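First chain A sits with chain B, and in the next complex the same chain sits with chain C.
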Partner chain A sequence: MPSVARLPVENGNPVRAMQELLRRLLAEDDIVGVFAPRQPPAKGAVMPSLITDPEALASVDPASPSFPVNAAQQVARLTRGDLDGKLIAVLRPCELRAFTELVKLNQGSLQNLIIVGADCHGAFDNDGFRAFMESNGGKPGIDNSADFLRRVSAGEFTAAANGGPALARACRACEHPAPEHADLTIGLFGQDTSRDVLLIPGTAQGEALVSRLGLATSGSGAGRDEALTRIRAERTAYRDAMFEETRAATATPAKLAEYLAACVGCYNCRAACPVCYCRECVFLTDVFAHEPWQYLGWARQKGALRMPTDTLFFHLTRMAHMSLSCVGCGQCSNACPNDIGVMELFRTVAARTQSAFDYEAGRNPDEKPPLTVFHQKEFAEVTGGHD
Partner chain B sequence: MANRIGVYVCHCGTNIAGKVDVAEVARFARGLRGVAVARDYKFMCSDPGQEMIIRDIRELGLNRVVVASCSPRLHEKTFQNACLRAGLNPFLFQMTCIREHCSWVTADGLEATDKAKHIVAAAVARVNYHEALYSRVEKVHPDVLVVGAGIAGMQVALDISRAGHNVHLVERGPSIGGHMAQFDKTFPTLDCAACISTPKMVAVSQEPRINLMTYAEVVDIKGFVGNYTATVRVKPRYVDMRRCTGCGLCMEKCPTKVPSEFEAGMGERRAIYRNSPQSVPNKPVIDAAHCRQLGGKKCGVCAKLCPSGAIDFEQKEQLVSMDVGTIVLATGFDVFDPTPLGQYGFGRYDNVLTGLQFERLNNAVGPTDGKIQMKNGEKPGSVGIIHCVGSRDTNHHPYCSRVCCMYALKYDHLIKDKLGHDTQVYNFYIDMRCFGKGYEEFYRRVQEEGVHFIRGRPAEVTDEDGHLVITCEDTLLGRIVRVPVDMVILCTAMTPRADAAEVARTFGISQGLDRFFLEEHPKLGPVSTATDGIFLAGTCQGPKDIPDAVAHASGAACQALSLAARGEVTISPTISHIDPDICSGCKSCIDLCAYSAIEFDERRRVAVVNEAMCKGCGSCAGHCPSGAAQIRHFSERSIFTELSGMLAGLPHPPAATVAMAHPIPAAETHGQTAQGA
Partner chain C sequence: MEAFEPTIIAFVCNWCTYTAADLAGTARMVQSPRLRLVRMMCTGMVDPKYVIKALLSGADGVLISGCHPGDCHYINGNYKARRRVKLLNEILTGFGFDERRLKLTWVGASEGNEFAATVNRMVEDIRALGPSEAAAVQAL
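Here is the complex of A and B:
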């Protein structure tokens, strides 16, 4: 068990303590920048930002309950090639896991990167975040985040029972609330975040940083493990119920077509997906540029053709391409203009495809994506035991 | 502008027309979009059939052609050439199969006709997206690499060198000749193996066009047909081949004795040794695993005795690389180790021998100078020969080793000949397979010599009071027989080399279910492999006797020569292409490519296909999520359109409909099923 440091919180706002940590890290000679979610000048959701000026850190907010974009693609963009020093990236657990998948696909690199993760209570979808801000009395900036941490720790936002905002379904079904293989983890679970938060090194690089910053380390993060176990259990139960519900709703081709009936083919889910990494989606290439006579032929077969076409095909193709890398961040559902449960569908399918290969997206950067490796013997139940 | 497609439906005599209403299929095809003409004809592959296509291309201005007939494996080239003769690019042609895929496998004529229509509609839809492609021509390096210098490898090397091409002949052992050098006589003519193989060995060593590399192994192959680069590891012999005269003094005083591999354990050799005085090369080699000096102990006796100072303990292994155009593998076989068949007592009883051990016992230069004797030096009064040990046995090797019946007959004769007619010889056989030239005659001759033949697979061999007793059900008499003998010979199976899988990987070829190297086609391509420019000779492809191995070897030599002599090879254009504007550089395809044909361009961060190495297998295209990797002639667009054509409904619904596991209500599928999965 690595030793754990504590970051003291002043004025009751843990976000300030996180900002202070980043300020001290940015002051180190070999660190060229901080990549972190940042409050916009006006009210609104945080956006990932690349920060080089320590002054700009004053609006960084890793605890914000807004989650308009999964930052994995942006970190990949920043690490795809040379960087003149080390970059600190502050990521949610699901962003880190998505980024790990992108690293496996040669879209980004762990070199020159120091990953700071934070325990994640979850976030609202875009609508939910607006409702939260209204319910919180329209305070400015990071004070909302401190309030959120306090209220969510007290058990709020897990259900919209009182008509108030609830966390996104993806977050409530997420069994990975703590960052995996981050260099440094900011521990929030089970802590009184108005007093202090934990700083847990997860790698040798993380340990070196903690000692360079001269932070005193104590024995352990009291209460965090218990809180984590409890949160995981709650979320796993929610997830399994969601799987059941989604399976029932999509059990036949007809039901699946009905499930996706509102899809307009905007491809927002694909654009929002952090692990959909193609430069150009095959659905935009001429493979799907059908000729007018083809449409007419399909229409003639049944008397009527729903347009745009290829709806089911698009979603099935994306499942085939990406379900093994799906980290369940929920941005697909957040981006859907017609409220289709894309996250529910993808997570349900991903649970099956990933377990088929004993694979878990984002678990380990050294694991190869299953479809890119060849095993002489696998799926004996399909092959009948033959090679 | 719409294409002008010609569709030609073949009757294939009654093969297709007996089941499929071909005239109706042609009539249906005339109604398909873009079809300018559709005809049916008795035999499309005949000259008049081909002429019909050529005339239509010229007179009707067709720019696409579909032939619905047999498998493309049979006649795709025939019709592509017909298109070419008419001035149409052969890749604007599509052949589709309504025989193997339709008429032969469909019971009902109406269903077969409907299925043929679907198949034709798919081909017509797909051919719209064909592009003109052009084959590429690559130079072929004139030199040939031959791996293994047994009788097959030597034959290949001699055939090729005599045609004026250089051969690199690489042999793993210290001398050449292979298993044949261990034999005494050969069936059915009983000529001495040494008398017929040593002249070949000498010819190999004296042929200036053969670069003989013994005690060497191929460790790596790079490149593609016509342009391979082989890396050969030459193991240290610790004997300077230029200085050594082969006098043999060094071997007399070497203090270390170990069982000899060449004698199949029937005799010993020293740590410095050669297989026999007739070995080629006849210069010894030091076995580093057993040499005292190389093991760090004080010795060096051989170095002190050598009159020419040829012993060199400082020799190091060398890596030699060479460019060749084609490769012939002649890596031979291993002899089945009968130890797992414990019931026959091999390893427990002194006088239970393998066939190869008996060959050495019987060999004039073997450990007993050719005397057939038991361990105690006495001559056996009776000998039992058990056939099919490890062969035709589902617990070991299901195949027939093809040589055992004949060498057993040879032993029968030699035992009678050497030990006298009073010596009793019993054969325990399942079937006598004497199919070669002069083999049946030899069988008859041996029968007339008074040899016993008992039909049955023995249950066990036991030792009873110093006698071996073979217990067997004589399946012709229908009773158990117990035959006491002094000596038992096990006719052990020919098996693939123990390291066949590694060798297959090194050369990029496949193994069959029996683990022998897999030929391209069991009948029509028995010496070529699925990897262009790599051929098989002899028993590495499957059990063979000497005449078959030599014939197979000459076949492989001819195949290698036809490429080497022509000097160029046509490479199919139906290979992968990765669009650099679409490739995301995820490198997944690089790991998936079985032919190492994809490289990564670090500057552009995209994967690039090496066209010379790509075989067009489609692994990359199947995986690539963006469709950046696609196989020319099998583009995603043409495949999806083909599926769409295949699944399109027919104007008249079929008489019998196939029940679907999950019927999809038409209104709810939004038309996706028509566009493939």
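Here is the complex of A and C:
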């Protein structure tokens, strides 16, 4: 167990303590920038930003419950070449796991990167976040986030009680609330975040940073493990119920078609997906620019043809492409204009496919994606026992 | 009402199973005509999309067949195909497709009799299963 440091919190706002940590890190000679979620100047969603000016860190907000985009693709973009130094990336656990998948696919790199993760209580979807902001009385963003941490730690937002905002379903079903293999983890679970938060090094690089910053380390993070175990158990139970519900709702091709009936083929889910890795999506190419006579032929087969076409084809193909890398961040559902339970569907499929290959997306950067490797003797059941 | 006759799309590799199919034909072996052959250079290039498209477009079964393990003309395409079929099976059975509708076999170039037997066996199996679970769906 690595030793744990504590970051003191002043004026009851842990976001300021996180900003102070990032300010000290950015002041180091070899750190060229900080990539972190940042409050907008006026109202609106918190967006990932690349920050080089320490002044700008005053609006950084890793604790915000706003989650309009999974930042994995953006971090990947920043790590595809040389940077003349190290970049600090502050990521949610699901962003880190998605980024890990991109690293395995050679679309990002862990070199030149220091990953700071924070314990994640979850986030709202876009509608939920607006409702939360209104219900919290239009305070400045960072104070809102401190309020959020306090209220969510007390068990609020886990269900839409009294018509109030609830955390996104993806977050309520997320059994990975703590960052895995981050260099530094900001520990929030089980802590009185109005007094202090934990800083837990997870790698040698993280340990070196903590000692360079001269932070006092002390034993373990009291209470965090217990809180983590409890949160994981709650979320796993919610997740399993969600899987059961989704399986029943999509148990036949006809039911699946019904589940996806509102899909207009906007492909927002694909654009929002951090692990949809194709540089060019085949569904945007001429392969799907069908001729009029083809539509007519399909219509004649069954007497009627739903248009736009290729709805099931699109979703099933996307499952074949990315379900092995799905981290369950829920951005697909957040991006869907017609409120289809995309996350529920894809997580349910992902649970099946990942377990079939004894694989878990984002678990380990050294694991190979299942479709990039093979063994000579395996899956004999696929070929009726002949291998 | 006419008895159900299945339609099966087969993706076969140029080097082994297609050659075996050719052999079965020239040797005048009795085979069901319910199979539509698509000749690929390797089972390793059978994109999961091809299988999904076939099943959504009216195929009652899909056969992928290539060289025996160790015999792949491109060294390991058949091993990759096996993983893709495993993946597809996990996805498709979750939505009620019977796993017998997607079959992967190894049939070498000299095994014309084995090819004919595989075809006849699969047609029998799918005939017994009945039309594809996707037959009722109007959305592709």
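Basically, the second predicted complex is superposed on the first by the 383 of 387 C-alpha atoms of A that agree within 3 Å, B and C clash if a C-alpha of one lies under 4 Å from a C-alpha of the other, contacts with A are read in each partner's own complex, and residues count from 1 in each chain.
The definition used in the following text is that a contact is a pair of C-beta atoms (placed from the backbone, for glycine too) under 8 Å apart; a residue touches a chain by one contact, two chains touch by 3 or more.
A quick note: this is a predicted structure, and the numbers were derived from the prediction, not measured.
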Exercise. With chain A superposed, do chain B and chain C clash or fit?
Worked result: clash
For this session: Scan A:Trp293 for contacts with chain B and chain C and give back first, second, both or neither.
Result: first
For this session: Answer with first, second, both or neither: which of chain B and chain C does A:Phe313 touch in the superposed model?
Result: both
For this session: With the two complexes superposed on chain A, say which partner A:Thr285 touches: chain B (first), chain C (second), both, or neither.
Result: first
For this session: Using the superposition on chain A described above, determine whether A:Leu105 touches chain B (first), chain C (second), both, or neither.
Result: first
For this session: Identify the partner contact of A:Ala204: answer first if only chain B is touched, second if only chain C is, both if each is, neither if none is.
Result: neither
Exercise. Looking at the overlay, what does A:Ala241 touch: chain B (first), chain C (second), both, or neither?
Worked result: neither
Exercise. If you stack the two complexes on chain A, which partner ends up touching A:Ala159: first (chain B), second (chain C), both, or neither?
Worked result: neither
Exercise. Looking at the overlay, what does A:Ala262 touch: chain B (first), chain C (second), both, or neither?
Worked result: neither
Exercise. Given the touch rule stated above, what does A:Thr348 touch, chain B (first), chain C (second), both, or neither?
Worked result: second
For this session: For chain B, sort through 365-373, 383-391, 599-607 or 617-625 and name the stretch that clashes with chain C after the overlay.
Result: 617-625
Problem set entry | Overlap of the chain B and chain C footprints on chain A, listed as residue numbers | 252-254, 257, 282, 298, 301-306, 309-313, 316, 321, 371, 374
For this session: Spell out the part of chain A that touches chain C in their complex, as residue ranges.
Result: 247, 250-257, 260-261, 282, 298, 301-306, 309-313, 316-317, 319-321, 323-324, 348-349, 352-353, 356-357, 370-371, 374-376, 378-379, 382-384, 386-387
Exercise. For chain A, which residues count as touching chain B in their complex?
Worked result: 80, 105-107, 252-254, 257-258, 277-282, 285-287, 290, 293-294, 297-299, 301-306, 309-313, 316, 321-322, 368-369, 371-374
Problem set entry | Residues on chain B engaged by chain A in the complex (per definition of touch) | 33, 581-588, 591-592, 605, 623, 625-628, 635-637, 640-641, 644, 648-649, 662, 664-672, 674-677
Exercise. Mind pulling up the chain C residues that touch chain A in the complex?
Worked result: 48-49, 52-53, 56-58, 69-70, 76, 79-80, 82-92, 94-97, 103-106, 132-134, 136-140
